[in-house]
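Take a look at the structure set out below.
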Amino acid sequence: MQTLIDTLYKKYASLNAGHPATYIPELAKANPNDFAIVVTTTKGEQFCAGDVDRIFSLQSTSKPFIYGMALEEHGREIVLEKVGVEPTGEAFNSIVELEKRTHRPYNPMINSGAIAISSLIKGENFEARLSSMHTMFERYVGHRLNVGKEVFESEKKTAHRNRSIAHLLRHFEVIDDGIDETLDLYFTQCSVLVNTKDLSMMAATLANYGVNPMTKMAAIPSRYVGDVLSLMFTCGMYDSSGEWAYSVGVPAKSGVSGAIFGVVPGEFGIAVYSPPIDEKGHSVRGLEVFKDLSHECNLSIFRKTVKVP
Amino acid sequence: MQTLIDTLYKKYASLNAGHPATYIPELAKANPNDFAIVVTTTKGEQFCAGDVDRIFSLQSTSKPFIYGMALEEHGREIVLEKVGVEPTGEAFNSIVELEKRTHRPYNPMINSGAIAISSLIKGENFEARLSSMHTMFERYVGHRLNVGKEVFESEKKTAHRNRSIAHLLRHFEVIDDGIDETLDLYFTQCSVLVNTKDLSMMAATLANYGVNPMTKMAAIPSRYVGDVLSLMFTCGMYDSSGEWAYSVGVPAKSGVSGAIFGVVPGEFGIAVYSPPIDEKGHSVRGLEVFKDLSHECNLSIFRKTVKVP
Amino acid sequence: MQTLIDTLYKKYASLNAGHPATYIPELAKANPNDFAIVVTTTKGEQFCAGDVDRIFSLQSTSKPFIYGMALEEHGREIVLEKVGVEPTGEAFNSIVELEKRTHRPYNPMINSGAIAISSLIKGENFEARLSSMHTMFERYVGHRLNVGKEVFESEKKTAHRNRSIAHLLRHFEVIDDGIDETLDLYFTQCSVLVNTKDLSMMAATLANYGVNPMTKMAAIPSRYVGDVLSLMFTCGMYDSSGEWAYSVGVPAKSGVSGAIFGVVPGEFGIAVYSPPIDEKGHSVRGLEVFKDLSHECNLSIFRKTVKVP
Amino acid sequence: MQTLIDTLYKKYASLNAGHPATYIPELAKANPNDFAIVVTTTKGEQFCAGDVDRIFSLQSTSKPFIYGMALEEHGREIVLEKVGVEPTGEAFNSIVELEKRTHRPYNPMINSGAIAISSLIKGENFEARLSSMHTMFERYVGHRLNVGKEVFESEKKTAHRNRSIAHLLRHFEVIDDGIDETLDLYFTQCSVLVNTKDLSMMAATLANYGVNPMTKMAAIPSRYVGDVLSLMFTCGMYDSSGEWAYSVGVPAKSGVSGAIFGVVPGEFGIAVYSPPIDEKGHSVRGLEVFKDLSHECNLSIFRKTVKVP
C-alpha cells in the first residue's frame, strides 16, 4: 500500500488542472501544489504520502458526520421527515428542486439538506450546540479540532445563496426561526480545520463501523454507520455520484477545499487533499487517485474481492 | 357607465368564491363581502359602486408605479439591465426562473423583479428613499397616502420566500448589500393604503398619459407611460396574463389584497376591490367585472372601437 | 411612408448579422442578401422596397392564420380546451412545458400548440383538409398559393423534434391518432410559398378586421381577429414576445425563413423578409426595421397616436 | 431461508394495496392476488414460496440485462458516450432531463436510456438482433424464453410517450434512423415472458459474477457485472433509488408488471412477483418483502455481514 500511494503521489503531483475554489475568498488562497494521500486501516495503521500535515477546512466533507450526529440525536424517523435520501441530478447548491418538487431537501449531502440537518443539532443554546458538534468530531479524529476563523468569516460574508436556501427552507417550514444561528452552525462545521491524517482517521472510523481504530471509542452508534455510508454512496459526490459509484464504487464525500475521503467498510479509510477542483467541485488529483486506487485494489463494492493493504 | 357598473355590482355582489389571502395574517382579516367598482375618466369624472371608501393595501398593484419611478430615475437602459420585460409562465412568487435561466428577473411584475426594482429607488438614506416613494404615489392619487403598520409588520414577519429571493438576487449580483433596507422598501410599497377611488385615480392618471386628471400634475413623464402599460399588459396578471390579454385586453395589475386596476389609454382607469382571491391570486369578483366591462364597452385594444363612458 | 421604407431598406441592407436557418436544409440555401419591406394599408395601397417578389416559405408566420381558421371552424371554447393562450418563457420548440405543467400546449404560436391546432382542421380526408387550408390562405392573399415541395420534404425528413412533440401530444390525448397526417398538414402550412407583397396583404387583411383590402372579401370573421392579434401580441415572438411588446408594441409573428409580419389595427400591415436570423429565430434585419418603424410612426398600441401613412 | 420466505409470503399475501399497471392494457389483466418469492443461491439452490410458475413479462427488469449486452458488444467507452450513469431524480418515463440538460439520457435504467441502449444491439437485420437478444436471455435463465405477443402489441400500440422519447433521441443524434426497429426491439425485451423462478435464476447469475449457477455457462463477462450492479444500485428503482439503497441496500430492478429482482453479490439472487404496484411503479408486496429480507439477513452492502441461506 505504501508503495502504491507513493507511486500515485508521484504520478499525479505534476497534474496541473482545475483551480482552488474562488467563491469563498479564504479558499482561493490555498496553494495549488499542496497534495497529500493518507490511508488508515481499521487496525489504525497509516500510510502517508505528501503534505499530510497541511491544514484545510472540512467544507462539505463535514456533512456525513453531522448527518450521523442527527441520526444519533433524533433517530431515523424524525431525520427522514426533514431531509430525504434521494439523489437529485442537480448541482450541490441547487435551489430548484426545493421549489419544484417536494419542498423537503432531497438529501443531506447537498447544501439545502445539510442546512436542514444543522438545524437539528440539539443544545440549550448556541454554545452548547457548538460544543456538542466539537465533541462529535473529537470522537472521530481522536483529538480536539479548531475552527478557522478567517474561513468562517469568509463563508458567512459571501453565503448569499446559502442564506437564500435557508429562508426558502423556513418558508416551507422545514426549519424553524433561528436561521442565523442555524447558518452559523453550518458555517462552523464547514470551517473545522483538519489535516489529511485527521480526515483519513475519520474515514477509518466509519470503515471500522463507528469505532475509532486508535482510541477504540465509538464515534457513532454502529447501527447508523450503514445509513451514513449509503447516503455517501448515492449522493456524496453530488451530480457525479452515479459516475463515482460506477468508476470508483466506494462511499465517499468531497469538499470544495479540495478534500475527498472514501470508506472501504471493514478495511480502511482513504483521504486525499489537493486544492485544485473541477467545475463540479471535486479535487482533480483526488478523483484520479481514487480511480487508480479502486482499480488497483479492486475496491468497488460491486467488484469481487477487496485486498487488505 | 354608472348604470353599467351598478348592474355589475349587483350581479357579482352575491358571487361567493375564493378566499381572502391567508399567507399574510393581516390580509386574512379582510371582509369577504367588501366589493367596490370605480371608473375614472381622463377628464376626472368618477363613477362609483359599492364600498368605494374601504381602505386596503396596494400589495402588487404598487409594482407598475414603482417601475415607472425607476424608469424616471435611471432611464430605460439601466432598468433593463437589472430586470427584463418577458412573461415567465411561472407563478408570481417563483424562484425557479432566477436559478435556471438568466439570473436577471424576468419582469418587474413578479416579486423577484419588483424587489430588484425597489433596490433602485434613489435617496441618501432609507427615509429619503421612503419619502421619494410617498411623493410619487401622491402625484398619482392627488393626496398623501398612509402606510398600514400592521400590514407592514405582518408582511415583514412572514416574508421568508421574499427574503430567499432577495438573497438569491444578491448572490447573482442583481442587487447590492442592504437587503434588509430593500425589503423594507418593498414591504412598505405593498403596505400603502388606498381606497378604490384612489386606485381608480391612479389608473386614470396612466390612462391620461401620466397626468393626474384632477390636479393636472404629471405623475410620471409621458414617455415612460407606454413602458409601464406594456409591462402590465404582458406580465401584469402573472401566469394568467395571456388569458387576460385574450379575454379582457387592457393593461392591468392585480394584488393579493383583492384589488385589480386596468387602464384604457386616452379614456379611463378602472379599479375593482373585493378581497376573495382565486388560486392565482386574483380577485374573483374583479375578474368577472373586468371581463364583463371589456365585453360591454369593447375595451380590448385589439377590438375595433372604444366607447367613452 | 415610401421615403421612410426606402431609407430603412438602405440603412439595413448592409447589416450583416445572423445566418439563414440551417436546421431545415432547404432553408439554408436562401440568399442572405435578400431583403424586402412592404407596407399595405387597409385601403389596399402598397409601399415596397427591395426584393419584394422573392419567394419564401411561411414557416411559423402561418400559425396565426391556421389559428384563426380553427376558431372559425370550432369556436373559442373547443379551441381553448386544446391549446392555451399563455406565453411560456420557453423557446419556440420547447417540449418541457408540456411535460412539467399542464399537458395542454401553452399557446398556438409555439410548435406544440400549432401542431395541436393543425389537428383540428376539418375535412373528410387529407385532400379535403389541405384544400380547406389553401382556400383560407387564398382569401387572405387574394390568389392561390403554392406549396414548396422541396421545403415540405426537407421539413418532413428532419422534423424529429416536431415528431417527438406530436407523440407526446398524443400521449396526453391533446391530439388523436393520425399523427402522420396532422404532421403533414403542419409541414404543408409551413411550406406555403409567398412573396413579401403577399404576406403584407395578409397582414393588412388582419389590420382591416378580417377583410382583404383589395378583394373586399372576408378572410376570417371579424369577431375572431382580436383573438388572433392578442395571441400574436403576447406570444408571437416566442420568448422575446415581452421585449417585442415593449420595444415595438404591435401584434406580430416571425418565421425561421426570415419573415416577420406586423399588424397595426385599422391602419396597415407590414411584412419584412430577410433570411439571416438570430439565435431566437427572428430575422435580424426584420427586427431592426420594425423597431425603427414603430419609433418613427409611433406604432405601439400603448403610445399616444398612430399616424396613417 | 425457506422458513423465512414462507413467513414473508404469509405476512404479505393479505396486503392489499396498489393496483396492476393500467397504462398497458395487457398488464391490467393481471391477477392482483398473484404473489411469488424465489431465492436462488450462487450454488443453484432455490427456495420458493407462492405462485412461482406464474408467467409475466419482464418490462423494465429487462434493462440491466440489455445494458450488460451492450457493454459486451461495444465496451464501456462507446456505451458511456450514448448513455450516462447518473441518477435523475425524475420519474422513469421523464422526458424533461433530455431537453433541459445533457441531451444524453441520464442512465440506462430509465426509458430514454434503455431505448438508446436497445438501438446498440448488433445484428445484420432485425431478426439477427432479436435472436442475439434471445440468446443472451437464454444464457441467464438456462432455457429459451418466449415473447408475449399480446403484451408486445399492447405496448406497441400505446407507447406514445416512448415514441416521443425516441424521436427526441433521434433529434439529439443519440440514436440513428430506424426508430421503429429500435422501438420494436425495446418493446420485445419488455415483453419477454418469465416466471419468478426464471427471474431469480437471472439474478443469481449476476450474484455469481455472470456465471449461471446451474449450467455453469457465462451469461456476461464477469468484468461487466460490476457495471450492471452499480447502475442497478444507484438507478434501478427510479426516483426512489436513494430510499431503496438506504433501506434495502442491494442492487435491484423493478418492472411495472410487478416484478422486482435483487442481487446479493457472491451469495444469492432474489425475485418477487406481485402485480399491484404503487404510484412509482414498484410492486407493493415486493417492496415489503425486500425490506424485511434485507433486515432479517443483514443484506445491505453497507451493513456488517451477510449470512448465507
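We call the chains A, B, C and D, going by the order they appear; numbering starts again at 1 in every chain.
Here is the rule we use: contacts are C-beta pairs under 8 Å (C-beta built on N, C-alpha and C of every residue); 3 or more make two chains touch, one makes a residue touch a chain.
Predicted model, so just to flag it, every value in this text is computed and none were measured.
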Chains in simultaneous contact with chain A and chain B: none
Longest centre-to-centre distance from chain C, chain (CA-based): A
Approximate Å spacing (C-alpha centroids) for the pair chain A, chain D: 33
Distance between chain centroids, defined by C-alpha means - chain C, chain D (Å): 47
Distance from chain D to chain B - Cα centre to Cα centre, in angstrom: 55
Numbers and ranges of chain A residues touching at least 2 other chains: none
Interchain contacts, given as pairs of chains that touch: A-B, A-D, B-C, C-D
Chain C contact footprint on chain D (complex, rising order): 94-96, 99-100, 160-161, 163-168, 170-171
Contact footprint of chain C on chain B as seen in their complex: 84-90, 97, 101, 106-107, 209, 222, 225-227, 229-231, 233-235, 239-243, 245-246, 249, 251, 265-266, 300-304
